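In order of appearance the chains are A, B and C, and numbering begins at 1 in each one.
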Amino acid sequence: MKKWRRLTAFLLTAAMVLMMACTVMAEAPEMDESETVKIGVLVSDTTSAEALAFRAYYEEYIQNQYNVNFMYSDELKDSAGEASAIDNFIANNCKAVISLSSFDRPAQIAQCSGAGVYYAVATGTLTDEEYEAAKTNEYYVGAIGPDLMTEYQTGYDMAKYFLDEGKTKFAIFGGAIPYYTDMHIYRAAGMLAAMCDVGEGSYKDATGMDIIGKIYEDGAVETGAIGNVEVVGYVGGYDMDDAWFGKCGEMAQTEGLEVILAVGNGSDFFGAAKGEGVQIASVDAYADSYKEAMEAGTLNYLAGKFSASIGPIFMATYSAVKGYPIRDAEGNALALSQGYWVADSAETFNTYYAVDSSKEEPAYTKEMLDGLFGSSYDDFAAFVSAYTFDEIQGLK
Amino acid sequence: MELKSVMNRYGLKQKIFSIAPLFGLIALVVCFLAAATAKDLNIAYSMKNILNQSVVVAVIATGAIFIYTLGSFDISLGASACVSALVGGMVYNATGSVTLMFLTCVGVAVAIALINSVLASVFNLPVFVTTVAMLSVLNAVVLMLININGTGSQIAVPTDAVAGLNTTWFKLLVLVLFFAVCLFVFDFTKIGRLQKFLGGNPVCAKLSGINNKRLAIIAFVMSGIAVGLGSFLSITYAPTLTKNTASSVGMDVIISIVFGGMPVSGGARSRIYAAVVGAFSMTFLNQIMVMFNLNSGIGQMVKAVIFLIVVSLAMSNQRNKEILPR
Amino acid sequence: MERKAVVEIRDMTKNFGITRALDRVDITVYAGEICGLIGENGSGKSTATSIYAGMQSCDNGQMFFKGERWQPSSMMDALEHGVGMIVQENGTVPGITVAENIFLGESARFRKGPLIRRTEMIRKANEILKSIGADHIEASAVTASLDFQDRKLVEIARVMGKKPEVLVVDETTTALSQKGRDIIYDIMDKMKTDGKTVIFISHDLDEIMEVCDRLTVLRDGKIIRTFEKDEFDEEAVKTSMIGRELKGDYYRSDYDGSYGQEVVAELRQANLGDQLKNLSLQLHKGEILGIGGLSHCGMHTLGKVLFGAVKPESGEALVHGKPVRDEAYAMKEKVGYVAKDRDVESLCLDASIRDNISVAGLDQFAVSRFLILPSKEKAYVKQQVDDLSIKCRSAEQYVSALSGGNKQKVAFGKWTGRGSEILILDCPTRGVDIGVKQAMYQLMYRMKKEGKSILLISEEMAELIGMSDRLIVMKDGEIKKEFRREEKLSESDMIRYMI
């Protein structure tokens, strides 16, 4: 009797092991690369350093590693342009669209899903309402990018870095704040929040996240004291005419100014004009022009997107096209946050830049991305959340 | 020499040049279809796409032909389309009525056109001068409208409200009907004849009893109707309106009508179909470039070269070198 | 002494559409002579000389200049190498100064670094103007401020400034007053004396026989005959030109200058600068009222004022007793106007014959006053083309490709087609050959007999005397004399009051 019990237990155990093995084997997704997958890429900006770096990663690395063909749109100015570009993609048999343009995301999703084409958002996010409406759409792959809290924190960290060095006189470049662009408003709000905390003051009687509402009300940032810190200058918008450049130059030369905090590209607009000893901090990407700026001292702090950051969303899209969509337990699409690499010296910048611009060993290599193909939502999220330079080096 | 002789004898050169743009369009269509078949493109979807990309410019440019025929031009067409669309969008958001939105689009565009032409008449200026001033005014109005609406960057009409009109048949209907009306007015009424003559020789036109101010107003009204229709179609295609809505229309209209064989200085050789032919030709050419991944840089250069060839061929016909001495 | 051939044209052929403008033509012109070319419109005389002067190329043939092969690439090239041409129509650029017109294309000559020495240019231009006897023209004046005649003199100065060996004068004198003609005659004489060559083209038989040493007649693109000076005979020349004897009278044969009592159009004390000074006149039903004078006497302005194209400062223009508001009103009152400057004011050259004829008559054949049916328009235009014998490929042919005479017929047809009762004709036979002129005179007379009224403004005295029931001579904006139609009336009678 004892013998039969042992045998039964053994057989049951073996059966379970076998079943588990079969399940594991059945679940291992196969990346069939026999057919070229055409993917359309929607871009509203084609010439900035960031745009060029992203494009280089897709066209010069990903396209060489996978059987994919990227089709880029022209520069887009409005939602009609987006619709037209997506129509072109669909007509040219693109199986998916990766969007870096945000004039009208819901319309983009509707247009793609209506044509049976997958849609994903790179280096950006949907608003909560937009996500709620799209999360169960089988053709919506998801969004990976800095969410608004990340943007707020980026601004906060940037200002805090200089405040900790004892700086008290700041100027802010507001970028697209006059056009009510959320990410720039949140970044600026983070900067002001840091000043409130360290300067022990308030911005128009608000501190922390409440500052966001204040900036929305005005469509601009007001200069003035925040405790024992001061905002001595502000320029917003991208008019790019003589008057605007004049204002930028004037701000860069303000008496007593110590640091220019830019919600976007700062060194291009203020680098040449700034006075001696004034430091500049920007949010942008790891590109040639900033390398030069860092080395020349016209850029001192950069929170930059690394070009390979659009790797995971590519793989999620590719995986969906191949029949292995990455969804959470409720079947919802990806909504993952990913932040910036921060360099506060030319040396750090160069280290990051070397990896970011590498065509052989970028931050996310093929081997790393292959592991995401058909993976679970949790595994995918864990991978994406380990986005700092050091964390990524640890993953390799 | 023999061929030249025969061509002169029967005025073949004149006839060939007048229908050459049509042949050009046919050639582009054939090239497109051949390339699309070879690349296994979704041709049905592509044709729908081409209509989407051409129809707004084709409609607005057809109306603009009346202005260009007079030897004038209107630089504020794009801005006018943007303002009409924005006001139309605001009316929809306030009333929920698509019909009212349509009437608003057309009404606002016609009103802008009337202001342009009547002001020119009152101040005795060439009409294009008032359109230059109007461009600045309209650009300011656009920014003001967007700010009034609150978001500061856009005015959005709900997609569902216009989805039923964002269809091939509706766009074709608008285009065909409007073109038919314009063709009738241009070729079968006194208005068209007088406009062509006025554009060809304003001095002689005056001495033939032609009232240039009245004709200019009529031309601008036709153009205004076209802009209104075009702006409505823009809303149905992309219901989120920003300050950049229809921003490229002004330039696209000029390129289309010249590409379609319309003489730049207007006059008797103006053709009402030039706009439609030109708009669709440009789109087919664009699509061919896109197919071969040449939609920027080299593609732009290719388009520019083709444009120069087309225009110089058209101009060579207009400048009649073989004139008897008197 | 053996004559030296300077200009030689051998076996030249040129086609314009169906028109064979030159058919294997041979022309030789010698040094020290003024050679006349005469012929009807379309005879080829202007074509041959314009090819030689570099305006256009021939289809076949060869040209020689002083024995060397001659193939100028343009008129400027021809002028640079010694062959200059003065054309009938306007050849100056209106928006620039006289000096700039004289030195058109040669501003580099006056360049000093990046600047142009304008004072030097003006000084040299004034010298040239003085040398041709046109020193009343100031070289610093803007060309548009000059009248047609002075602009023509500027053109002459431009050509003569280059001291050409061969000068072609193409129908230029018809647009000039006596003073202007004298200037040209002096230039031609001087060239002849200097052993240079002049080719003179004119429709005016008297003038050409007076001025030329030899006269070559062309017809239908062929050389018909060359007359030496001692062979000059008016009838023989006319016969060669037309290929038949000119039957019937050239002008009217009657001396009955009667007309109706009804005043159909009038000017009452019209004033306009120095063009019209308190001028009053009346045009009656069935009358041909001739207006003559020097080029600047104001008669051309008078025509425009009566048509409503120009408003007088005071006084009024009336048609059927009612003030003329504008051209459209005049047209409604059945007034038609054929302008002197045909290519600018009477026709749209870029348009077809059909467009030009129908534009003034749209309300005649439009359905419900606005709808144009192509069939009705075609019939309307065909009527005029047939009635006026307009030589063309089809009514769709562009007017720019027609000869001067046919263009003038189109301008006429524009107004006769709509049944104009009152016609204001300003130099209607300018640049038109004898055959067509005769046809036009006959048409005018027929219209008079039908009870229509014609205001005939002309610088050709013979025409005015030959056609008018009443003839008014103007000078300096005023009426100096009125003549009734009579056999004894002569040009010298007119001249006495003109100058």
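The working rule: contacts are C-beta pairs under 8 Å (C-beta built on N, C-alpha and C of every residue); 3 or more make two chains touch, one makes a residue touch a chain.
Computed from a prediction, not measured in an experiment: that's the story for all the values here.
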With centres defined from CA atoms, tell me which chain sits nearest the overall protein centre.
B
Among the chains, which is located farthest from chain A on the basis of C-alpha centroids?
C
Any idea how many Å lie between the Cα centroids of chain A and chain C?
78
Averaging C-alpha coordinates per chain, one finds the centres of chain A and chain B separated by a number of Å equal to 40
Compute the distance, rounded to whole Å, between the mean C-alpha positions of chain B and chain C.
42
The residues of chain B that touch chain A in their complex are 39-42, 45-46, 48-49, 52-53, 151-154, 156, 159, 234, 237-242, 244-248, 287, 290-291, 293, 295-296
Write out the stretch or stretches of chain C touching chain B in their complex.
15-19, 21, 41-42, 46-47, 50, 55-56, 59, 87-89, 170-171, 307, 309, 326-328, 330-331, 337, 339, 344-352, 355, 358-360, 362-363, 366, 369-374, 393-394, 396-398, 400-404, 407, 414, 431
What does chain A use to touch chain B in their complex?
46, 71, 73-74, 77-80, 82-84, 87-88, 90-93, 103-104, 106-107, 110, 115, 178-181, 219
Touch list for chain B against partner chain C, complex:
1, 5, 8-11, 14, 187-194, 196-197, 200-201, 203-211, 267-269, 318, 320-326
